[in-house]
């Protein structure tokens, strides 16, 4: 770690900032300003601030997807419905080539990203102060901790060590695979992400039926029925599909995704995050 | 002030940029580019660009809330329905630990933030040129002035001094407090901000009935009636509320705010910015 | 060009980044992170990421409008429905005082901006790799190329030269002007942009009837009819109009634009991008 200094912010790498603050209000700008004031020269990269309000699971998945592509630096992640309450405020350290520190609430937001880097090597709970506002910890608690780390502070100087296995964790998304023999199979799996283009990411890391094969996809409804299934082709990339054609591919995060050529698979299938889909091939 | 130089932009501190330009068009990016071209090394922090189009009062309140948290630097604020017309283009200087300069139109946008820092110490009207486009002063007038200040120019080199008391000011939000005796009271007060989470900020700086007390809140309608009031509790922070419970707290800007546990108080009460609410306790 | 080095990113100028990625997902942040990891010290200016999904023409026009205001640096533009397919990935070089390099897909996105700077001086097709993901070239192909250029790589080191005249080009917007004699005229012209404020930019660079004149504007419908025309005044700037008055002006990009005083001309006229309007004076 670099020693504290007027421009030490640059030495440790950028701050990678994710939240559900949106950009319509000044929340994000104020956190940037606090970081710049406390650690001049700091570079802040906004991952996104459009996590749905209070959607800890959505934020956790976004951070998990992004983290493999981040270099050295500090992750600042705030989706925090329990702000001001008893949930702990964490600094977690990670080894490996990515960010060295993760700062955020202990509500399940950080562990998936930490696990993607091999798990936290240590975790600390930020010391609490009882005075002052208790509704904007991104500004008042987390940003100062990030600025301190960027200025060379050791995490143990910011709070007491806590057991990494004590971190709050969210349930894993549902995934049920059935081998039907002779190259056939069925996958019931949860939708984990709908992106801007309407691509439907699934909680599955393999390629299901395999490249070039066909499959059908339906949406399980109440009492075991499945909506009229759609045919799809497993392809390598978007341009392998005709405009409007439904397909499936391994996406840029190595997850199975339902896609439509220059269109929205989410609209086509009528699914959202948390829904189950059933693939049969 | 630093002398002009290729990286003098950093010496004076960041530019804090607020506007109603939105992010869907290239307006904000072009202003960033103009700043970078004229003052290489300049750091720009976007406070927000989602002030509602032409909403000078909303922009002024946003800047007022943010300004206490900004360090040294230059505020660039543009919500400017009168662009190209007779309204003056201002540089105001402030003393104190925050931004040293405020640049923007003379239409009420800057004074609340300046007042929060003790008022302007001097104000200057940017010299006008009659040629060239007259529809994008953020790019053509304000950004060049900001870049000049960041490069070491004195504000008096950019325009003539004007009387700080001559600045256009917006009316203060409505606030009427009635002491009903024996610890009871009534507050009729204007809604000044609905944030992303649906929190309803009021134009009142104290805690009304006081922490731990109950109150009722209604919305005055025509002819003096008030909608069926809602009960609420005065709490310290969001996590003191059950999910869905209506409460009131002193928010991160030390203003009274109506909030709902993990929900939207604006939706619950059906109020928007500019509406009055009536608190009784 | 600067030699590669740990902070060479700053030497060549900022990266100007435009895409249809939106900001709700982490796409933009991840590209920033890849740039920062590969070229520490790089400065990235976001022009906009809200180009409509797959809208190459809209992205091309946005970049064309912005490019005159950019200083030295590298343009990174990604609106790329053909990602992973056979469309080429380009580096184009430009002379003149603006950005020296343009990086993006060969689908019509870059040429209008290049032409605004006098046309590309050379173009190169990025070398392809067949392994790895094929769905996020912004992260995996374009950003690494930009980082290499910012670190001092020559474009010919990144791919083979291609004929600049072979670049894919989009059709020009429609424009039909009729001189009606004695100072009268008619202009049928395509709407090329609706901005946040509802201003309606037209594909015409002159001032039509001329400053201070009146005209009427209608929207051609099927079978040659034109909707009931609106009267308008040709003005210099927005503040020359009364609130709610329809006008026309030469906008900040030197294009004819229909505008309403503190209102939306697009709403008033019921037009969108790609529609024709008919001006008569």
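Should a chain be cited, it is by its letter among A, B and C, assigned in written order, with residues numbered from 1 in that chain.
In this text, a residue touches a chain if its C-beta (ideal position, glycine included) is under 8 Å from a C-beta of that chain, and two chains touch if they have at least 3 such contacts.
A quick note: this is a predicted structure, and the numbers were derived from the prediction, not measured.
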item: Topology of the chain contact graph, where touching chains are joined (line, ring, star, complete, other); value: complete
item: Classification of the chain B:chain C interface as same or different, half of numbers criterion; value: different
item: Distance between chain centroids, defined by C-alpha means - chain B, chain C (Å); value: 31
item: Per-residue multi-chain contacts in chain C, two or more chains; value: 23
item: Chain C residues touching chain A - in the complex, by the definition given at the top; value: 20-30, 32-34, 36-37, 40-41, 53-54, 81-87, 133-136, 139-140
item: Residues of chain B touching chain A in the complex; value: 10, 13-14, 16, 18, 23, 43, 45-50, 62-63, 65-66, 69-72, 193, 195-197, 236-240, 249-252, 254, 262
